[in-house]
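Here subunit A shows up in two complexes: once beside subunit B, once beside subunit C.
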Partner chain A sequence: MKITVNGVATAFDAAPSVADVLSADNIALKGAVSVQVNGEFVDEGGYTETVLNDGDELDYLFFLGGGSRR
Partner chain B sequence: MEFTEERLSRYSRHILLKDIGIKGQQKLAKGRVLIVGVGGLGSPVALYLAAAGVGVIGIADADVVDLSNLQRQIIHFTPDVGKPKVVSAARKIAELNPDVTVVPHEEFLTAENAAAIIRNYDFVVDGTDSFPAKYLINDACVFERKPFSHGGILRFNGQTMTVIPHETACYRCVFPTPPPKGVVPTCAEAGVLGAIAGMLGTIQAAETLKFLTGAGTLLTNTVLTFDALDMTFRKISVKRNPRCPICGKTPSLVELRDEEPAVCDFSPKGAP
Partner chain C sequence: MLRITEAVLHEMIAHARRDLPDEACGYLGEKNGLVSRIHPMTNADASPEHFSLLPAEQFAVLRTFRAEGFRLAGVYHSHPETPARMSDEDIRLLVDPALSYVIVSLEKPEAAVKAFTVGGGVKEQDMVVVGEN
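Moving on, here comes the complex of A and B:
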């Protein structure tokens, strides 16, 4: 099955959870990203129970600080 | 503002633009913009807004120019090391464009002073490098209903979104709470390519000028993120989050407070 992860079609053997998709992209630390599935935010508490279907789109965004020193 | 020959000449390339013209240039002259942090992002923002003839530019920063700033904070020059950033920036703005009034706020934004400072402006630019400051700007702008541009940079990456509070997604809609300690490094810890600050800062400056003149479509409900290593730009649509702690259906944040500064001492695997 194919999931579009950050705009890139990605193949998975079985229906992955949000947590599976993140770990496939080596995102080990919780709280480092904001996740949307098909345009809806998924809270961190729901990463394991939210299972994706073929054709779903998952987008994740990293926190970025940066700018002026303080 | 009266358009003398000199001003017609200074702003001629703006006036030629059908989306700006004399009317847009007048709007810029009436515009009041607060830049929070005149560092990597705030430097190009301040320079481009000054060059564009934005009437009042407020700069809030309590920092002093450090030698390590000069790699990217292009409003500050070598002889400015040791001077307050607001003093250094104000001088460059005055030299660049005497039409601009600079309001220096030689202080960091805090839960106590943020609302009172922000209230004097039409638009706010987040040029800060700490999550507590970014959340404070978001929260103060949401409470004051003040449109703002969020921006963040790290290593070779940049990310920005324009927020019209209570109309479009805010920073907390996307990132409800600051990252846990140690999860996200800052530029001081992980480094940043100097030009990245220019790339993102000029996007924020362009958004500010679009907001003031009404030109085009703002980067609202959209996060623009780029990776300069391969020059990929991506726009991610977001929308207001009903569970947002500040602009959602049942907000848990009802007054301004300072978020605890996170201690970030390592870089996460898979981080940008």
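Moving on, here comes the complex of A and C:
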């Protein structure tokens, strides 16, 4: 089955969860990213139980912030 | 090396000045090895000392870039009163090894702009400004 991950078609042997996709991309700090599946946000608490279907689109982005002091 | 158009460089600096006293931030898009697309973003912190992006806006701009054939290549933000260097907070929070992090310093009358990467530790990245003829 194929899932489009951040715009790239990616093959999986079996239906992956969001957590599986992030692990496959070596995202160790899963709290550091925001995830959308087919344009809908998935909370971090749902990464394991949210299983993807063939043709789904998953996008993830790192939290972005910082500061100028120190 | 980060290759960036003169127009994008000027727009980053103009955005940084427009948003004073707060920090400004935005996305940079690359096509064919050249950063030629800029998208000013909302600083959710609206602060002179901090910035953060809104995830919903991040995803929306990412999809716009994709539709236009651009790759998300970097993020810029301004330091209104401090040098163009990665602060401790920047180092702690900017963790995507795939991106270039560009900092626009307005500490002095003439803006200073530097780029950094974080994969394998923070490193200053060579930046080449390309004029448009």
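Keep in mind that, in the parts below, the second predicted complex is superposed on the first by the 65 of 70 C-alpha atoms of A that agree within 3 Å, B and C clash if a C-alpha of one lies under 4 Å from a C-alpha of the other, contacts with A are read in each partner's own complex, and residues count from 1 in each chain.
Here is the rule we use: a residue touches a chain if its C-beta (ideal position, glycine included) is under 8 Å from a C-beta of that chain, and two chains touch if they have at least 3 such contacts.
The structure presented is a predicted model; accordingly, all values stated were derived computationally and were not measured.
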- Touching partner for A:D43 - first (subunit B), second (subunit C), both, neither: first
- When both complexes are superposed, which of subunit B and subunit C contacts more residues belonging to subunit A? B
- Message: Between subunit B and subunit C, whom does A:A28 touch in the aligned arrangement: first, second, both, or neither?
- Response: first
- Intersection of subunit A interface sets (partners subunit B, subunit C): 7, 29, 32, 34, 36, 39, 41, 59, 61-70
- List of subunit B residues in touch with subunit A within their complex: 36-42, 61, 63, 66, 69, 73, 85, 108, 126-131, 133-134, 151-154, 157-159, 173-176, 179-180, 183-188, 192, 197, 223, 225, 234, 236-239, 241, 243, 268-272
- Residue ranges of subunit A in contact with subunit C within the complex: 7, 29, 32, 34, 36, 39, 41, 59, 61-70
- Please name which positions on subunit C make contact with subunit A in the complex. 23, 25, 45, 47-53, 55-56, 58-59, 62-63, 66, 75, 77-82, 87-90, 93-96, 99
- Message: Quick check on the complex: what are the subunit A residues that touch subunit B?
- Response: 6-7, 25-32, 34, 36, 39, 41, 43, 59, 61-70
